[in-house]
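Below is one structure, written out as structure tokens, with a few remarks after it.
Chain lettering (A, B, C and D) follows the sequence in which the chains are written, and residue indices restart at 1 in each chain.
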Amino acid sequence: MDATKKQDVRIGFYICHCGSNIAAMVDCPAVARYVEKLPGVVLSRDYKYMCSDPGQELIQKDIKEHQLDRVVVASCSPLLHEHTFRAAVEAGGLNPFFFHMVNIREHDSWVHTNKVEATEKAKALAHAAIQRVAKHKSLEVKKVPIHPDVLVVGGGIAGIHAAMTMANAGKKVYLVEREPSIGGHMAKFDKTFPTLDCAACILTPKMSEVGSHPNITLLTYSEVAKMDGYVGNYTVTVKRKPRYVIEDQCTGCQECIANCVYKEPKFHDEFNEGLGKRKPVYIPFPQATPQVVAIDPKVCLNFRNGVLTDKCKKSCVTACGEKKAIDFTQQETVQDIKVGTIIVTTGFKTFDAKRVPQYGYGKFPNVYTALEIERLVNASGPTAGHVVMRDGREPKSIGIIHCVGSRDKKTNRWCSRVCCMYSMKLAHLLKEHTGAEIYSFYIDMRTPGKGYEEFYDKLLEEGVHFIRGRVGEVTDWAMSPEEEGKLVIRVEDTLAGYVRRIPFDMVVLATGMEPQADAQDVRRMFNMSCGSEGFFLERHPKLAPVSTFTEGIFIAGACQGPRDIPDTVAQAGAAAAEALALIDKGHIEQEPNTAFILDDECCGCKSCIPLCPYTAITFDESKKKATINEALCKGCGTCVAACPSGSIVQNLFDDEEIFSEIDGVLAHD
Amino acid sequence: MEITRTIKYEADRVKGFGDEVRSVPGCEQLQSCIQCGTCSGVCPLSIYMDYSPRQVMALVRSDFKNEVLRSHTIWLCASCYSCTVECPRQIRITDIMYELKQRAIHEGIYPKKFAIPVLAKEFYKMAYKYGRVTENVLAATMFLKTNWLAALGMWRLGLGLLKRGRFPLKVESIKRRDELDRMMRTVDRLNIDALHDEKKKITSHRVEAAT
Amino acid sequence: MTSEWNPRLVAFFCNWCTYTAADLAGVSRLKYASNVRVIRLMCSGRVDPQFILDALAKGADGVLIGGCHPSDCHYVEGNYKCLRRFQLLKRMLSDMGIEEGRVRLEWISAAEGEKVKTVINEMTATIKQLGPLGMPAKFEEWDKEMEHFAAAVHAQEAQKAPCAEHAQLQETAHV
Amino acid sequence: MTTYSYFPGCSLKGIGRAYEESLLPVFQALDVKLEELEDWNCCGATAYMAVDEVKACVMASRNLAMAEKLGHKEMIAPCSACYLVLNKTKHYLHESPAVRGVIEKALADVNLTYNGNTPVRHPLDVMVRDIGLDEIKKRVKRPLTGLKVAAYYGCQIVRPYATFDDQYNPTTMDRLLEALGCTLVPFPLKTRCCGASLTGTLPEPGLLCSKIILAEAIKRGADVIATVCPLCQFNLDGYHDKIAAKWNDCRIPTVYFTQLMGLAFGLDERQLGLHRGFVAMKPWSAQPAAAAVPA
């Protein structure tokens, strides 16, 4: 009681049951009773759902009726609801920073199994919060203006949709794409499931809209090299690779391609998964955006090992004529862009089927990946839609193997979500194109989507054979005459209960989705996190699925996890909306956890200055003291911990607050 | 044709059997089986099995002890380890098969006159006794114990081996048999499986009760 | 409650990686020892060695610091700064006779809920073996020793020294 | 001169005599000394594991402990089953402290200790990775030019511990045989099971396993199958009559890779135990000496 008077604070404490999430493992009333007796506490309650409206109103009412000047809520993680309760405290008429939150759900009730121990832990944590909150100070939220421009990284369907949404809302968008054209994986697909509308028909109009939209600056064949700054004010360095063609001067007439010294295309065509050939000067695919050619210095005769030799007669330049679009002297350039928000839509990589050697990809020419089949059935693909195998034959029997590089602890343990559906789509298309007998080998058929199960029904009716069993191996040796010269799949038909050997002309591997090879670099660059499988981590799996832990940076599409086109587009729209919400507010509210220097105590030793990664600390020569630029400080507190004279203070995390918290967690036995 | 009832009742299960197998080091992963059939798909002997390896996993997990220990499958496993390396859940199926073989021999409920368990036991005895194994003597013992008629069919092979000097007529043995003997007795004394054996006894009673 | 002695662990987790990982452990319903008390900081760079000493002095049997993996720090390199300080502190702790396993620095990313569990369980097991640290009691003991010592000096001096000097000495002993 | 401990295993003293008879002179020709483990016992073997795993481990660990005592850095085990069981025991002792405790006590009774040292290696691995193909090429006096070989590895040196080669498509033996001048036929069944002990116990399933391998080797145009394991050799070589009676005749000689090495090194065929096979390889010495000794 004495302490109450001395500290002169009036703390209200609330412990949340969270239904049974907390109450099942923590004796909430007991904690409330324990806290009630602590110095400074004038009121201590337990309540079923603190985050609900009545819960928040309870706090507001108590602040007024009991003249509370400090509030502590013990409930879930502050990363989830700190904001909610600060707002409630503010609505109750207090400074929102006279509040502290205790995490007794994620850090207590959910991770422990002994109710007595969990309750004791909750008491200790609550005790610490009570001691800490008494030391809290009134703080002002810092408002900084937000730059209205947006950067979208990755020009697949997610990036295209996000960029279009933002641009249509009147924002200036930079869309950066690594390849010479936007379109991503979707541009390679033939049809889309379950509606079977053609991918190009729905994608290419969007692509050309992006290309001509006045609010979109399209930077293809470019990569983000660096990001600096903070939410609202990012500076991004974009590296523009030389395509040896001046974009503004190329009209896409493709005369250069026709007149290349190579009369026949003979180089690996990335867009067609190597099934077709292209020339050193090429346009990736007919509807590429921008309609600008690129020159591949690795194979162009005018280069040797990528170095310009000028040895070719350059018939392409002649063909280009007056347009003068070809420039062999082009160098890599860098460009700085200022934006307020960033949407990362870098997509996925398909699993390398060679990592599952027992299926013979790369060894048997007639084993294909699903993406190769997409090109093979595509009317604008390398065979103009005729399904012929690498040996020139048309397949009479085709086996499709699901889950290649998915649900397998030796490669990728996750389900790639799209393979069941696209395998069925390919089964349908292959049957349509070839009339072949088609077998689909699956572990579990996953069709959770609108119209997906109906699509499965349709395939069953079409007479595609579905066999439940993960294929053991694909081999080329025969046990019987009908297997001669065929690829043989050995599998247990788990539903019929027999091990079977089935001969096929063609085998298709439904490869799964993986994070991009450079996902870790991208993650570091944008200050994001990755989940254990390597996809970018969302801020909250349910409530903040397109946000990241870095304010102002959003993610959408398959860079966050395997997903299909409808989900990707929905997510891209969501990310755009989140970014818009931030921009249209006009300013960012920053957590006032910055540090400042106590002038009287600073001895001018300068030890803090090199520690700051944001160069927020400078030395004031006239005063012989360090000063911190509040606008640059991000509130890590590294300088605070290092100051030998203890003259730096971090708001919200000052020494006094933390020491009292330490004292508090140990005060209770 | 004889029609038999194939339904299984709760009484057909030996509850706890699955858990018991899973508690053996190396068999823990059993629980994560997704019944994909990869093991059967790669097993070179699955074509002769009464239950496929996948089914064995399911049966063990569901406590169908009698069915599993009586099955031919566990004895057809030639330990080629294909299933173990291919299993997408990294279940050490070969080791589980060994565990099941041990249990079957221990409880004596393997198919009688079935050569494989006999070979395993004779091998064990011979190695235990002499420290080494002389294959042809072992084979002869095995055939005499299971199917002496089959032994007659083997005379040609034996003769061939004899002619080629690959048929040692004396039983190989190590010099310090006593050493091995002492070590084995220590193991028996320590009997780390004491508890295990207790369990096995209890469950075997249950098997008897169930049969 | 079990009669067995349970160590008390204070943990300082950075907001972005380890605290989030601990949240993930919760969301995944992983189970770990209940004797850890987490204090959230924005960055492991904020961990002042005094926090650690203070925690030990106030009765913690061990201290765990959790930060982002090298090159993953939300504040670029606060975790390196923390590591540097930690190395120095370790030497000091060993001079004080505090065993190595009692104070640990771990890099735990936001995705590694599982690691939160294993580290906390490992540390609990280690410290259980080491037994209570009992710094508060030690401090008391040291205080008593000092008092004894002071008293002894006092008594000695009192016997032979004149009063003025005595007063002066008493003052020194109290400093 | 490098010395390895040598664990022959029971088969190499019986049905697999030819393996030892060729292995020892080949190593000698390569200036590598093998010191046979004194009073070694049965490895513990797979059949043993089916009865009592702990006791099988005791048997294996006596050998491992004696090898440690002998003091050479590594031990060679030519039989695939021994190789696997010894390695598996090492893993097992490492994984399970309880079993290790028991076994340490049992070893202590006979004044032995096991510290987890002394890796167990397969001779194929030692030949290619330690001695090296260059060194082997230097010893080739009569290259086996024109001899078409199917390299058959069997199961247990690549599964479950693929320590020195790819488990799907091992190539160590292919490279070794190529160095001897052989032509390797593409052989998809390199690591398929030969039937192991089933050939003796349950003839049909076991023999079918062998038959598949034999038939495929013939189909791929091989003159001879090269193997690394006494049981594989026995299964592929010993049951031709039965296989012919059951299915069709699949006669093709199956030899140890060390026998081919011996031939290429110009060692006496009789000494290499080639006469011990059921289906004999055509005497190589009778063939016209092909390309001369590589300079």
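What we mean here is this: contacts are C-beta pairs under 8 Å (C-beta built on N, C-alpha and C of every residue); 3 or more make two chains touch, one makes a residue touch a chain.
Just so it is clear, the structure is predicted and the values come from calculations on it, not from any experiment.
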Between A-B and B-D, the pair joined by more C-beta contacts: B-D
Cα-centroid distance, chain B relative to chain D, in whole angstrom: 25
Between chain A and chain B, centroid-to-centroid distance (C-alpha), Å: 50
Distance between the centres, which are taken as Cα means, of chain C and chain A, whole angstrom: 37
Whole-Å separation of chain centres (CA-atom averages), chain A against chain D: 51
Per-residue multi-chain contacts in chain A, two or more chains: 358
All touching chain pairs, where touch follows the definition stated at the start: A-B, A-C, A-D, B-D
Parts of chain A lying in touch with chain C, wherever the complex brings them together: 77-79, 103, 105-108, 110-114, 116-118, 120-121, 124-125, 128, 524, 527, 529-532, 537, 541, 549-550, 593, 611, 613, 634-638, 640-642, 650, 653, 655, 658-659, 661-663, 665-666
Chain A contact footprint on chain D (complex, rising order): 166, 168-169, 188-189, 212, 216, 219
Parts of chain B lying in touch with chain D, wherever the complex brings them together: 25-26, 44-45, 47-48, 75-76, 78-82, 84-85, 92, 94, 98-99, 101-102, 105, 115-117, 119-121, 123-124, 127-128, 131-136, 139, 142, 150, 156-157, 160-161, 164-168, 172, 174-176, 179-180, 182-184, 186-187, 190, 192-193
Interface residues, chain B side, partner chain A - complex: 34-43, 46-47, 52, 54-55, 86, 88-90
Parts of chain C lying in touch with chain A, wherever the complex brings them together: 1, 6, 8, 10, 15-17, 19-20, 22-23, 25-27, 29-32, 34-35, 37-43, 45-51, 54-55, 58-60, 71-72, 74-78, 81-82, 85, 109-112, 117
